Amino acid sequence: MENKQKTAILLLSCPDRRGLVSRISNFIFERGGNILDLNEHVEPDEKIFSLRVAWDTEEFSIKPNEITAAFSPLAKEFNADWKISFAEEKIKTAVFVSRYDHCLQEILWRYSLNEFGIEIPLIISNHPDCKTLADHYKIPFHLFPITPADKLVQEEKQLKLLADNKIDTIILARYMQIITNNFISRYQNKIINIHHSFLPAFIGGNPYKQAYDRGVKIIGATSHYVTEELDEGPIIEQDIIRISHKDTLNALIRKGRDLERLVLARAVQLHSEHRVLVRGKKTLIFT
Amino acid sequence: MENKQKTAILLLSCPDRRGLVSRISNFIFERGGNILDLNEHVEPDEKIFSLRVAWDTEEFSIKPNEITAAFSPLAKEFNADWKISFAEEKIKTAVFVSRYDHCLQEILWRYSLNEFGIEIPLIISNHPDCKTLADHYKIPFHLFPITPADKLVQEEKQLKLLADNKIDTIILARYMQIITNNFISRYQNKIINIHHSFLPAFIGGNPYKQAYDRGVKIIGATSHYVTEELDEGPIIEQDIIRISHKDTLNALIRKGRDLERLVLARAVQLHSEHRVLVRGKKTLIFT
Amino acid sequence: MENKQKTAILLLSCPDRRGLVSRISNFIFERGGNILDLNEHVEPDEKIFSLRVAWDTEEFSIKPNEITAAFSPLAKEFNADWKISFAEEKIKTAVFVSRYDHCLQEILWRYSLNEFGIEIPLIISNHPDCKTLADHYKIPFHLFPITPADKLVQEEKQLKLLADNKIDTIILARYMQIITNNFISRYQNKIINIHHSFLPAFIGGNPYKQAYDRGVKIIGATSHYVTEELDEGPIIEQDIIRISHKDTLNALIRKGRDLERLVLARAVQLHSEHRVLVRGKKTLIFT
Amino acid sequence: MENKQKTAILLLSCPDRRGLVSRISNFIFERGGNILDLNEHVEPDEKIFSLRVAWDTEEFSIKPNEITAAFSPLAKEFNADWKISFAEEKIKTAVFVSRYDHCLQEILWRYSLNEFGIEIPLIISNHPDCKTLADHYKIPFHLFPITPADKLVQEEKQLKLLADNKIDTIILARYMQIITNNFISRYQNKIINIHHSFLPAFIGGNPYKQAYDRGVKIIGATSHYVTEELDEGPIIEQDIIRISHKDTLNALIRKGRDLERLVLARAVQLHSEHRVLVRGKKTLIFT
């Protein structure tokens, strides 16, 4: 079997102290790795050091699957939150969708172009509408209709399906169901949502209507990790578009659609390239 | 005395019905006016017609100061909210400022370049800090220190000064005092404020701190007319700037400063060119 | 047969003179039309008047197919370039594509959402690659492989196919063939191209490579009507995206793709809503 | 004398090889430095390694003025282009200006707010217009009127003045004279210009007129280092603003002014924070 996992990526944060970059880069250098990209940041008030480093492991003296164990003692000494991933290892990702297909379409199209470092073994929906789109891209589509009565039962089935497929990351591509805390707790900082407003403006339902009624001159979209507090999760990416009084509510929805799919796509790309480091309620984006 | 009021501008809104453009343009044409710019909009749901039309009155058969009277019967028939202004008639404008000078600086610099159709006979402040800047631009600077005890008294003095100077419009260039409802009611849709966030996100105090804590990826600024509800007035202009986790709170404040002054300047320009039509809690911007 | 052509749209430009708005709006009013949207502009130096007006013809006293004849005398008197269209009359549009499918995909997806006022009876390509995409949207796909030897012959066949289908507008969705002047002359200001640079920067081939080599910090895309001078046609829409030294040439191409499809889509929408008025080498966009 | 030079900044580029980050960070760590910010980039095709690292030298075992000598052997081994600066050491900067004052105004205002890590001991102009502005900020203003006949003589006097004041960096704040190659060669990648177009579009004179005539929908501004080829120097920063057919040439000039001053200010800030690394005709911007 060939060694496909060529590029190792370490995401790490820990209390700041002298020598962190030096000792981490030595760890890589001494084992024959070549650093391709390194980005670090020290939060000046909190004194927290965060880093993303990617290195070529082609001539690395230890095997990819041994790197995590080898780095562990250092990480422990630093009291770090950390994870080592491989750029070439595709993240198993499920897409959840309801009726609106634009975000799903965008994700699948880019996926078909190989833009993301992900693999999509399945799509889950509470409505049958997007099945033909899933079929076009030849991805299994699983229908879980949800009523208030059977929501928990259906979620359990979804969780089993996800577990069976070793799903790591979930994209909510305009999935119009509130996910329970039980579900969220199993995918901490692994569920990527797209909210159709410039958070924290217009939290909650019908943000385009809220924006229209308020008479804002700019609308936005926000992609964030889902946490137990609705619309309060760490923000990955946001963008905006200018509107005017000539835009009807429908025009806002149409313009917003373009934002939603681009912002979600960028968030998925950042996540899949291991560029997002969550620290509390915020993210650091290493680009 | 020469006729300096060359370009008349009508801002009007009324219930929609057939023939409004025709009858208004006839009013202008029949008196020898030449339309320079006409922009209209019908809100499809509310069935409200709004219009801004500017025309050259050089060969107009009635004098500028008689146009309003001449148009009145038509406006009455249409049941319209309306106003006729003249592009060449500079709006008497007071600038209120506290300690931060960047917005005042921007306004005065553009004023000195003759960018706005305004005249600034006076600056009012509750702090002496900006006096040298006012001096540089040779504009009288009036200091009204404000304590909770004398706030109402000072406001009355301000109102008198404004009235004595026939002030029409007030720019709050980061004026850090809440203005009383009594004051606001005398300058309905005439007080232009700059709020240092992308409203309605981060309403209230210290929006940059709120933005920093929330971890947004974009910050904004909003210029709006002041109404009795804090930060809820009709929005004139907004803009945003991208930030990252590398930006400290101070960096947000610094970047935000650039936004604030540009957004405020654009709002002042739109207002001074009679391009802003307020309808309820929203504005139509005729550009 | 029902009257589907409800909203008439007049695009007109002519030498400026007094009374144009009045007489045109009277023409509409006297026949019972209700103006929905009117936008005019006078170029101050050239003294050219341009206008777009849309009106509801539901209670219009003359039939849709007689409006053009009825308006002719007025237009003649004004010495105008003009055209009357109907919002509900879908423009017959052919899409030309080569191998890159992102622009075609974007157009077809929006088309399927009914975003544009167009009908796409056929797709033409010089490569078979995009046939499956055309099939997915159930649009006839016509293959015209082109070699230097048979280019003119193939173009004649294309022109015949277009004529047979009464095609009015052509979208070049990254069609990688130079179109001959003969072809262009038959579709004056009817061929919408997307150029993958911020024109006039990087005219000609391989603009992303040129941008990469020059080290610009922003790349762009431009949609324009095709004229006989390459990349010199009237610009309909442009947009940009920020890049950095970290972006490889491939990253520019990938980011540029997102721009191209959005800019082309916006241009198609503006064109299909009769919002683009061409004046010489420039456009007026009535939004 | 206190040690004011607290934060050392190394900018370095060299052929890529294994261990560069490790050895450079060890150099810092072993001497007691604490890395505050590290950013590196490897150009994948050219195999060139570039890095910016900033570290706290408070407990550094060697003195600030000895660091360059201490690092020299390493840099030589790497065959590197490099420079060590100190964040707290203000760059002696001269501003050149002609008649337009907006860029000078912006620079001086931000300078007065201490936004830049620069010191401005003098302003040079070929016109007396901006003297009052210089006076307001209490900066010596040197007038060098230039005619074709005495251009070289005046430049020599300017160069002497710059040398006497130990000027390191020159900001051309809309200085409307072509600088000779002799002058440029003494300030390689040290002269920051603002060009009032989105380079490489509209190279040369009167770019707003060119933009107006071409009918572009977006205008831009570009800040770059001055090289012997006009408008071809490495680009530091660019930005754009949307325009429409309603914008007259004067409106473009006015809107462009806002761009010019912001883009120039950002370029000066990047330069003064030692975030710009020039590689051939391009820059790397470490932010």
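Should a chain be cited, it is by its letter among A, B, C and D, assigned in written order, with residues numbered from 1 in that chain.
One rule holds in what follows: a residue touches a chain if its C-beta (ideal position, glycine included) is under 8 Å from a C-beta of that chain, and two chains touch if they have at least 3 such contacts.
All of these numbers come straight from a predicted model, not from anything done at the bench.
Greatest centre-to-centre distance from subunit C is found for D, with centres as Cα means.
The two sequence copies subunit A and subunit C touch through a face in which the numbers common to both exceed half of the numbers used overall.
C-beta contact counts were set side by side for A-D and C-D; C-D has more. Centre-to-centre, using mean CA coordinates, subunit A is 37 Å away from subunit D. Centroid to centroid, with C-alpha atoms defining each point, subunit C and subunit D lie 42 Å apart. Looking at subunit D, one finds that residues 41, 246 touch two or more other chains.
Subunit C contributes residues 102, 105, 109, 113, 115, 136, 246, 254, 258, 262, 287 to its touches with subunit A in the complex. Those residues of subunit A whose C-beta lies close enough to touch subunit B in the complex are 41, 44-45, 198-202, 213-218, 220, 234-240, 244-246, 248, 281-285. The touching residues of subunit A, counted against subunit D in their complex, run 16-23, 25-26, 28-30, 32-42.
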